[in-house]
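The structures considered in this document are given below.
Two complexes, one shared chain (chain A), two partners (chain B, chain C).
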Partner chain A sequence: MSILHRNKPDFSPEKIYKKRRLSLEKQEARAALVFVLPFFIGFVIFGLAPFFYALYISFMDFNSFKSLDSLKWTGLSNYKAILNDSVAISSYFKSFYYTIIYVPLLTVAGFLAAVLLNKSFYLKAFSRSLFLMPYVANIVAISIVFTMLFDPFGGIVNIVLTKIGVDHPPLWFAGTQTAILTTALVAVWANFPFQMIVYLAALQGVPRDLYEAAEIDGATRWQKLSRITLPMVSPTTFFLVITATIGSFQNFTIFNALTRGGPGIASRVASLNMYEEAFSLNHYSYSAAQAIVLFVIILLISAIQWGGQKKWVHY
Partner chain B sequence: MKVIKKAILSSLLLGLVGTSLAGCGGTNNSPGDSPASSNASVDPVTIKWYVTSGNGNMPVTQQLLADYKAESGVNVELQVVPGDGEAIYKKVDVDLSAGGDVDLITMQNAIVLSKYATNDWLLPLNDIYKEAGYDYETKFGKNLNKFDGDTIYTLPDGLVSWVVFYNKKIFDDANVPYPSGEWTWDQYIETAKKLTDPSKGIYGSSMPDYDTILYLLAQQQGVNAYKADGTSNYDDPAFKESLQWYGELGNTLKIQPSWLEIKSKKIPYDAFMTGKYGMQLIGSWYTFAPQDLKTYPRDWKIGLTQIPVDPQGKNGISTSGGIAVNKASKHSKEAADFVRWFAENNYKYSGGMTAQVNLNDEESNKIFTEIAAKFPALDGITAEDLKAALVTPNLGAVPEKITGSIPTDYGNIILQEGELYLVGQKSLDDAISSIKTRANEAIKKQSTIH
Partner chain C sequence: MGALLMRKNLSKGLYSILIIFIALTMISPFVFMLSASLKTTADAFDDPLAHIIPKTIYWENYKTLFSSPDYFIWIGNSFKVVVISILLRGFMVTMAAYAFARLNFKGKGLLLFFSMSTLAIPSDTTVVARYLLYKYLHMLDTHWAIIIPAIFDVFFLFLLRQFFMGIPKEITEAAIIDGCSHYRVYFRIILPLAVPALMTMVIFSFVYIWNDFAGPFIFISSQGKQLVTVGLQYFASIAGANYSLQMAGASIVVLLPIILFTFAQKYFVEGIASSGVKG
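Let's turn to the complex of A and B:
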């Protein structure tokens, strides 16, 4: 075989087809990159970079407002200080307490509302719109309304409780034992419509023939719910539980609007404590260390939830 | 590397706060085009000054800057920080840490001044004034805020004394004579009892919900909140007595709203202007409210008198703010000069009291006459009334706030733990003990993480 012959381009149909396919794949890959790039750039600038910066300053002595040029490495001292800070430690427990109230209530409320709205009834579309209203309401407006409702002095809730014979109605937001619970209830009210919509979509995806077969077998309502509906929507439940858990630790807005951490520090959850440390006391590094600890806690909880899904999530 | 660090901090921390000074509030309101300028041919020095949006928008602020430029030839450019009160310092701190070069920072009270001074962010003014031959001691005397013995970072731009405003209609209806001259807290309480009328929704007294109010008596007695070794002195019986005394006013005597009622009903600081309170204890800055009939329309008259005292502590309470100079200022001499000018002249624009102590009777009378003229005629408040309430030679003077090594933290802890006692969820002893423990923790933490 001559050299000329060996270098002759291959114009066979297979080769041309393969080249075109590769070219198309490349084009698609490039197009995909263009579509993904805006998100990726945003994520790096507003997600990853702040995270790594928080990690970095958590090891520095940025605990008074000073020039960045004068920052010094302090190792784990900010993390060690957390261990001796009773307010910081208690703020993590308060966040956890809020989560274990908020997440189950939110999930149950969202599921029950979805089951109700999945049935056929008069003014169904209008009812669905009404259920969505809390989700679009402004948190400040919500805080004003609920502060008035739960006012221990003349609030409608305590007036009703007094009328029905409750001698010492709760102090709600003003009570050390009730502030977090009451805030969690308001947060459930404000956020359950999202769970409801996602559950509604999941419920509509459950095949009707499963219910018909169960009815033929004489299954009760409860049996249909527990043996068909719940297992069939379990991937949705898992998704909602894990996102609600993560979201429940990001609770600064609602606590700031409703209790500001009070009375005293009874509802000073981790996010509020970090804010106070950073922006009232200028303990930026110390606050960043607390944020990293919270991140690790959320990561661990999410990992446990992820590992536990095998036992109850049916794909 | 430094540039990169600054750039990263600027974008990230400002992002955390939510608004950037430049993006949301920074405005150039310099009166540079003032016709009064006498140095138009020379490029004037421009210094920048952080102000709240409220102050920045006031016409008198613009007039003040124009007058200063006419006198000195120096431009003062406002760096407006969105928000009011101490909330602005969250943004100022971030801006300064990220390399902000604003020259002048308003110190609203002693806690703010103490925080910036102890963090070594402010320029000591002693040497600049001595070099310029300016005798600030003679001008401001006892009203100067000094640190570590003799260092001054600011000059007082006014003087706020705690006084009692009273509603003359409620006094008349209850047939109670108006208070005047020196009086005690026992007399105040007796008066408030006579004025209180639950059937009309009238309380005899109203007090602000500041941390100061929870240690008012101890402060008037001059009890130090720190021991000699720097730890908390909150186990001094005076602090316990103060907290208990304040709690009883609302919870037991019911002459004013309880703390629980104030918080759960979110009773505002200006509730006195509704006409439902017989007396209001508060700083003299509050005079703006009775003077403003547009915002607070009323047909009842207001009077004012001096703060009551405890036999163990015959002291009035006063506080003063001022402007301080950023240590990183590139125009420190011009900035210090504006601080001087502002401290000497602010009262002419704000309508408040001056902190200058070397004024003669004529000058002093002029100031009080001008303040009195700002009250509505129906009140009939005279310069003598104001003098009697604000200038109290019969009383000593103590500062309004606890400052020291943990100025912000101490006040927060007192409010948080004191609140639990006031709403009945902690015993008095437990609340006092918690304040002392947490204050000591904060003092220790301050040294650990710095």
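Let's turn to the complex of A and C:
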């Protein structure tokens, strides 16, 4: 009797539910494998591996055409070589110079444009889409137009400058002092719409009653901007500055399209110098070492920015 | 009362004019480009400020452009790469995003953290490694060197995961309890509800892959396989002193994403806003 009872399947609702749950969990685990594995394999090969491969190559002697199995371990010699390479070192400073022009200007331009558009006016959607247009434009097309506009002799910009009485207008892309600066300005023009849209979304999140209370207390327009708007959007500013800084070192495309490192090597930023080392001189390991150094520099700058956020970011 | 309203409308009107003026200044390089492409080089550059709208439209640049076979091959190549990339990316990324948003599995948090951290690696720093990797995989000088790496995109994985998490859990849980498999839930419930997020991904992907320069520049060497961005640079160097012809080439390349963007601006704006504010 008791044995029979024990073998009798339990059809109580709790048990069925539990069993069902278990099989659901099993099903979930299997589905997760199918859903994630293809992406994960691809991500490891094409997203993660190149970074570790770059790290590995940077310690080898792959500095001429040779087969991959004859590579030898050379320790830190590629890294030591950077210290004696004035072109490489100056390329880091050029990248840094570009970043400290580009990031602040980009952030300010994006914020100002957002403040301008965050009011009620006619043809709002139309104006906004015009503001966004530079962001979708092709960089090579941009470079074709801007090299003509900023041509030191015969470009529209300098024609206008000469007409209004500037005796020696800048050489823009062709000047050793101005090539990086001009490139940064074009990059700001092409990329500010992104910051603008993010700021517009952030501005809409600032509670109206804050401004109303400030108006009752007689706050000026400038006070409202500096005491309410700026602190309220500071987390957004922080996010935008961090990502723009990382992005600003990603400048191979714009420099290659606009200056190709010229005049001479005046605007040969780190990404261009790494390209030259690898693909003109076949110094693959040396180029990889320079890339790792650049990565460490970016990491340090991000860490400093991260540490500094307490002082000005209000959550 | 009426006077006050009128003054308010007037200042709104003046403000609108100011904004339109700034917006037009912002796109003046495009206006200049289009205008110069419809003139002879001499007309366009002897007195560039005269006749922004050309007196007589000069179509010769576009005729030359359309009779250059390379230009069409490049545009075709770009279309092919963009479409295949978007399809494969859409498939892979949404599947993984579904798992990260809805399924429980071991190491989920760690995996997500790992993927996100690669966003901090600028792709310029891995160019050499990727070049050697693609060489090893025999992907160099094929369109796969652009397509395959584009599929596994962490940024869109994160964006779509956020969107999927916003879809009410009750809907999918009810379906699962009723015996619906996860594959069906993903296909029949999640994907149809995620159309706005998918549109965002499609538009961004189109713009980014169409405008990508470094990828095709470094990994594709045959002229016949080249994509339009690098092709345009090559085209410009051949056109040389024929600046109007260069402008015509540039205009077509710029126009295609702008047309797309004009129709789908809403998704574009929402995509940027959500990536910035929630991220």
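Rule of thumb we're sticking to: the second predicted complex is superposed on the first by the 272 of 315 C-alpha atoms of A that agree within 3 Å, B and C clash if a C-alpha of one lies under 4 Å from a C-alpha of the other, contacts with A are read in each partner's own complex, and residues count from 1 in each chain.
Heads up, the rule we're going with is that a contact is a pair of C-beta atoms (placed from the backbone, for glycine too) under 8 Å apart; a residue touches a chain by one contact, two chains touch by 3 or more.
Note that this is a predicted model, so its numbers are computed, not measured.
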item	value
Which superposed partner A:P152 touches (first chain B, second chain C, both, neither)	first
Touched partner set for A:Y53, first chain B, second chain C, both or neither	both
Chain B versus chain C as contact partner of A:S86, first or second or both or neither	first
Contacts of A:S280 with chain B and chain C, given as first, second, both or neither	first
Partner chain(s) touched by A:D69 [first = chain B, second = chain C, both, neither]	first
Which of chain B and chain C A:T176 touches, first, second, both or neither	first
Which superposed partner A:D61 touches (first chain B, second chain C, both, neither)	first
Contacts of A:Q223 with chain B and chain C, given as first, second, both or neither	neither
When both partners are placed on the shared chain, which of chain B and chain C touches more of chain A	C
Set of chain A residues, in rising order, touched by both chain B and chain C	45-46, 49-50, 53, 68, 278-279, 284
Touch list for chain C against partner chain A, complex	12-13, 15-16, 19-20, 22-24, 26-27, 29-30, 32-33, 36, 45, 48-49, 92-93, 95-96, 98-100, 103-105, 111, 114-115, 118, 120-133, 136, 148-149, 151-152, 154, 157, 176, 181-183, 186, 207, 210-211, 213-214, 217-218, 228-230, 232-233, 236, 243, 246-247, 249-251, 253-254, 257-258, 261-262, 265, 268-269, 272-277, 279
Of all residues in chain A, those that touch chain B in their complex	45-46, 49-50, 53, 61-69, 74, 77-78, 80-81, 84-87, 147, 151-153, 155, 171, 173-176, 261-266, 276, 278-286
Chain C-touching residues of chain A, taken from the complex the two chains share	24-25, 27-29, 31-36, 38-40, 42-43, 45-51, 53-54, 57, 68, 116-117, 119-123, 126-134, 136-146, 148-149, 154, 156, 159-160, 189, 194, 197-198, 200-202, 205, 236, 239-240, 246-247, 249-253, 256-257, 271, 274-275, 278-279, 284, 287-288, 291-292, 294-295, 298-299, 302
Residues of chain B defined as touching chain A within the complex	2, 5-6, 8-9, 11-13, 15-17, 90, 93, 96-99, 115, 119-121, 260-261, 263-266, 328, 408-409, 412, 416-417, 419-420, 423, 425-426, 438, 441, 444-445, 448-450
